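The two complexes that follow have subunit A in common; it is paired with subunit B in the first and with subunit C in the second.
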Partner chain A sequence: MKWLHKMLNYLIKRLLWMIPMLIGISLISFFIMHLAPGDITASESAFNPKASEESRQKLRALYNLDKPLMTQYSLWLKRIVKLDFGNSFASHQRPVLWETKDAKGNVSKGMIQDALPITLMINLIGLLIIFALSIFLGVVSAVNQNRWPDRLITIIVFVGFAVPGFWLALLLMYWTGVTHSWLPISGLHSAGFEKMSHIAQYADLFKHLILPVSISSLGGLASISLYVRNGMLDVLQQDFITTARAKGLPENKVIYGHALRNTLLPLITIIGLSIPGLIGGSVIGESIFAISGMGKLFFDAVLMRDFPVVMGILTIGSVLTLFGNLIADIGYAWADPRIRRGISN
Partner chain B sequence: MYSRYLLLVFLLFNVTSCSDKKESFYNYEGTFNSEKGGTLIDAMSGEPSNLISMIAGDSASSAISGNIFNKLIKYDKNLELAPELADKWTISGDQKTITFYLKRNLQWADGHSLTSDDVLFTWKLVTDDKTRTPYGSDYKLVDKAEALDPYTFRVNYKKAYAPALDSWASLQILPKHILKDEDINHTFFSRKPTGSSYYKLTQWINGEKLSLEASPSSVMGEPNINQLTSRFIPDTSSQFLELIADNIDLMNINPIQFARVIPSRPDLKNKLALYKELGNSYTYLGFNLKHSPFNDIKVRQAINYALDKQEIIDGVLLGLGEPVASPYKPGTRWSDQNLHPYPYNKNLALKLLHEAGFNDSNHDGILEKDGKPFTFEILTNQNKQREMTAVLIQRRLKDVGIDVKIRVIEWASFVNQFIKTGDFDAVILGWSLSLDPDQYNIWHSSQQKPGQFNFIGYINKEVDQLLEEGRTELNPDKREKIYHAFSKILLKESPVIYLYAGYGLTAMNKRIKGIESPAPPAGIAYNSYEWFIPSTLRRNEMAP
Partner chain C sequence: MKNLTQNPLALSGLVIIITVLFVAIFAPWLSPYDPNYIDIHSILLPPSYSHFMGTDGLGRDVFSRMLYGSRISLLVGFVAVGIATLIGTFLGAIAGFYRGYLDSIIMRFVDIMLSIPTFFLILAVIAFLTPSIWNIMIVIGLTSWMGVTRLVRAEFLSLRNREFILAAEAMGASDYRLIYKHLLPNSLTPIIVSSVLGIASAVLTESGLSFLGLGVQAPQSSWGNILTDGKEYIQFAWWLSLFPGLAILITVLGYNLLGEGLRDLLDPKNKNQKK
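Right, the complex of A and B next:
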């Protein structure tokens, strides 16, 4: 019970530390963002002879862009502590985070609310595939160290890592979508999706996700399968494996029962560190597959200097990063008694 | 974005895989009679943001809202002003008052009648300081606006303002009965509009698509095509794949696709029709006239002679553009047929440079004046065509002994750090122009403050006077003479060098019929409500 008490203490300390960290992160992001020249009025109406400089000044005043940076930051901070992420600067003025309702009951959906589910879905499925496949490939590699399966796997995962995703995506889209009509080319839903039965809807979504998920997983295989491979090789050389073999355990049991479990320990950290990545999407992948996820949302917001959206995504990203680190540490402590003892001492 | 690689994809697949298994089973040729119905699917690179056009700044929004809302007057296929909501309009003798007479029995899509009250309401909105619009300035010049009766709308200007008619041809009229209690900056209406024109919005899925359906109560009559669906596909290569897979009907394509990819593939040629039309924009090389030696007219003329515009058009646009000699769209009345671009003449360029005091005294291939070599930097933004143009200019100017460096900069930095501060020698940029010939904002000597549009620093008293006259003269014939004279001075003085006006290129599935080709000055879309899809050529659509 004593260690639980200490663990709780440790947790509270870590959580309290996050507050100054978050303020620091947001402050730095805010100022770096404003270092980039231009603001929303430049991209919207610069070089349109019909839009006068006075009207642009008017817009700047509307968005408080004419105030000193420190004032702008404190205005933002005041809203964000109330979890109010504000509205986009773009002309649709949609809420950044979550939907709002006006007096007549017309709902205006949040931008992150719209983009997040699809990005999460692709990344979660992708992460699952990456880990399942990588563990398998890594183990096969390690067990067959320096023989042909090892070499082949290494070559394949490195080629997958090195191939430009958009190029491979276009090739696959052409092959599966145009020459053979096996898969849809882009988008998430077929025409007439609304009228399909539930099962048909899932099938349709599944078909649309095959290419984007495959492309987004391909690049992640290399690093994790190599982690598993090298971890496995390390473990296989340790004394307890020799002991296991010496006492006559079958090789399968040695590998999957004893070695693999120890190999997977460091992966807990990697999973924890992947949590913030779950809300980030690939700009290129999303553009090519016409999926409006978080990557495109962030990229467009930066180009337009849509500050509330940029800050909103950065804030959520940094919160998730901090929590991801914490979860990684806790997970590690849970899995490895040595770490647990380290914390409680 | 990745169209360069798309060509690679095609090459690869033409070598490795045999042709399509699904050959087209439509017979596109033959004569068809116009009929109603069908769905046209197109692709948009950007998603519209706000369908209230006075607030939206993006072209995607205006492309959609133009199908939903009406204006008082419009430009017809020859870009002359023509009636839309207003039957006719009159201009008072002192040219300060314009009276619009609305058609009878106009209706909004929800059945309410559309009257001059709505027009007055829209004018009040666009001039209201609280409205988040960048386009208010033209309408603020109106001294008094009144709805005399439900069918008459009158505006008074303090002094005659010729671009006024153009401004009324671009203001989309909004319904007062819906918007009178709404905050125009944050209203559901921007995504759930009620208009009066051909189509009404039926569906908008964020990040995916938007659908319009023919509106039975359209004040313009019923269009032939029943449903327009726009899919949002940011990447043009993906759009192109969707086009050749028959999933979308039309898209804007680039010169390589237009001139090389489609003509070389029989299966694509069979089902896609290609159209080109001149846009309202031109690309130019502009000088900072406050910097020496560009303040010398002879230097500017020399550079103009030293550049081969046809070479640029052939190299950059694969021939799909036209040289221009005035800042007006060729084929319209404002563009003077008698003006011709400077021909390519290297010797004349060298002669003019010598006259301006430049000589290669140290024989290093670069001209000098007062011991300083003639070297300058061309700035441009990240735009492939402009970058390629810059390289061709660099090469041609090297021939006459001018050393050019090229710098490519991201758009916002370009505008803020270089254009607004005047910190540049020369730029390659383009102007997209409205259809009114008034270009006071761009060329008048008073428009040089940071953020204004005469950033090259052009000053010419005669031009100032012509521009002032032109904006107070409402008679088109008189205006034509003024702007021809203005164009002539501009061409002679070469404060900018016109490089090209590129064609807008469209590839369209041949199931869409009724398109006028060659395109009239207003472009192919002017009669899109008359386009039709014969029922034998329609997709297997699920019942709408």
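Right, the complex of A and C next:
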């Protein structure tokens, strides 16, 4: 019980610590947003030659673009504390984060609300595949150090590291989608998705996910296999492994029971650290496969200088990273009694 | 250097990088055509003896454009990593040397920067500042110094109370001298390794940006933007997509091999492991 109490204290401390972090993050992204010469009113009027100087002024006033930077920032900060990320400049002025009802009772869904689950789904499936495969590859590599399976896996890992994901995506798309028509090459659903049975819907989604998920897990697969291999080699050198072998434990138990367990612990932290990379990496994959997740939403918003959407995604992406790190640290403490004791003291 | 030739990984990496360097420097002499010369009579020709890598949608020679493109990826890699290494080493040295509140401020700033999805940040800045090769190099540099800072700080913290540093301090060495003459030379290994690996990821980032149309702008050629053209013609002209992708792959592979090889060679811990 005492332990739980200390853990709770630690949690609260970490959560409080997030507040200054978030303010720092929002400050950086807010001022980057205003590096741009010209503003939204300029790009909107470019589409509408009839827009007068007066109507542009009105638009600027509406979005507080006429006020000094610090005032704009504090107005924005006040709103996001209430989780109000505002409405998109473009895209029919949809709410950025979550659905809202207007006076007539029409519900318009939030842009991030729509996009986030898609990106999360792709990346979570990707993470599962990365772990399953890279633990297997890393262990095989370490156990056979400097023999042919190790050499082969090392070559694959280095090539996997260096392949530009978008290039491979392009080639795979062409080869499996255009030449052979085995797999759908864009979007997440086929036409007529709504009329399919449940099972057919899942099958359809699965087929659409194969290419994007494999591309998104490529880089992580390479780096984590290498990590597992080196970690295993390190652990296998240690005294407790010699002890385990000396007392006559079968090699299987030494590898999977003792060595692998100790190698996998730090991996929990690595998941936390890989979150911003995964979210950022979604831009290229989602643009190629025309999947409307966070990456594509961000890319489109950046091109249109849709400030509220850009700021919203930067903030939500960073919050996700912070929570990811927190969960990883808690998971680490939960899995490793040494850390747990460290927190208590 | 002698050890380098005995490590096959590092050696092959070095060979690849020297080749790319050679190609980039001598591009004007090696390329058979003007890379920007538009020849409407030879549009989308497949690879042949007169055009090793075929021609693109405007009839430009892809081989020549690839040779010139190597300059971009080299320049972006070196300048971006140079900026990142300078900032990272400077901040890491201050944090590790002075510790205390300076250290906390710097490391909290590192934490903040690490939790913003970097590619989003780069994308936003580039799109707002109009894409150009200089903006790309600076932005990649400004968003990738955090790892170096952590490494240098950790190295300084572990060296700070060693006898040779304390001796130099006792002899009245200034802070500047301690950092520059004693601590920094002893922390070079991780800086070099992370810089080489950093170049690899900078090259990948640049090609990704160019692919999205936010990188090096036409008519200047980069491997990324040749690939973007290739995307349009992928059904009729496979050579436009294949060669630039391979070039990026091989270059990035070279830096990664060299980086990992150097890590093995320079890390004294690994020596016992091998034999």
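Basically, the second predicted complex is superposed on the first by the 320 of 345 C-alpha atoms of A that agree within 3 Å, B and C clash if a C-alpha of one lies under 4 Å from a C-alpha of the other, contacts with A are read in each partner's own complex, and residues count from 1 in each chain.
As a convention for this text, a residue touches a chain if its C-beta (ideal position, glycine included) is under 8 Å from a C-beta of that chain, and two chains touch if they have at least 3 such contacts.
The structure presented is a predicted model; accordingly, all values stated were derived computationally and were not measured.
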Report task. Examine A:S108 and indicate which partner it touches, taking first as subunit B and second as subunit C; both and neither are also allowed. Result -> first
Report task. For A:F158, decide between first (touching subunit B), second (touching subunit C), both and neither. Result -> second
Report task. Have a look at where A:Y174 lands relative to subunit B and subunit C in the superposition and call it first, second, both or neither. Result -> both
Query raised in the report: Regarding the shared-chain residue A:I28, is it in contact with subunit B (first), subunit C (second), both, or neither?
Result: second
**Report entry** Which of subunit B and subunit C A:G187 touches, first, second, both or neither
**Finding:** first
Query raised in the report: A:A61 contacts which: subunit B (first), subunit C (second), both, neither?
Result: neither
Query - Touched partner set for A:F289, first subunit B, second subunit C, both or neither - result: first
Report summary line: The chain contacting more residues of subunit A, comparing subunit B with subunit C, is B
Query raised in the report: For A:V310, is the partner it touches subunit B (first), subunit C (second), both, or none of the two (neither)?
Result: second
Report task. Using the superposition on chain A described above, determine whether A:M70 touches subunit B (first), subunit C (second), both, or neither. Result -> neither
Query - Set of subunit A residues, in rising order, touched by both subunit B and subunit C - result: 36, 166-167, 170-171, 174, 178, 287, 305
Report summary line: The subunit A residues in contact with subunit B across the complex are 36-38, 41-56, 58-59, 62, 87, 90-93, 102, 104, 106, 108-109, 114-115, 166-167, 170-171, 173-175, 177-181, 185-189, 191-192, 195, 286-292, 296, 305
Requested in this report: Spell out the residues on subunit B that touch subunit A in their complex, using ranges where they run on.
Outcome: 1-2, 5-6, 8-9, 12-13, 17, 20-22, 41, 47, 49-50, 55-58, 61, 129, 132-138, 185-188, 190-192, 206-209, 229, 231-235, 237-238, 241-242, 244-245, 247, 411-413, 415-417, 429, 431-434, 439, 441-442, 449-453, 541-542
Requested in this report: Write out the stretch or stretches of subunit A touching subunit C in their complex.
Outcome: 20-21, 24-25, 28-29, 32-33, 35-36, 158-159, 161-164, 166-168, 170-171, 174, 178, 233, 237, 273, 276-277, 279-281, 283-284, 287, 298-299, 302-303, 305, 310, 313-314, 317-318, 321-322, 325
Report task. Write out the stretch or stretches of subunit C touching subunit A in their complex. Result -> 108-109, 111-121, 123-125, 127-129, 200, 204, 207-208, 211-212, 227, 230-231, 234-235, 238, 241-242, 244-245, 248-250, 252-253, 256-257, 260, 273
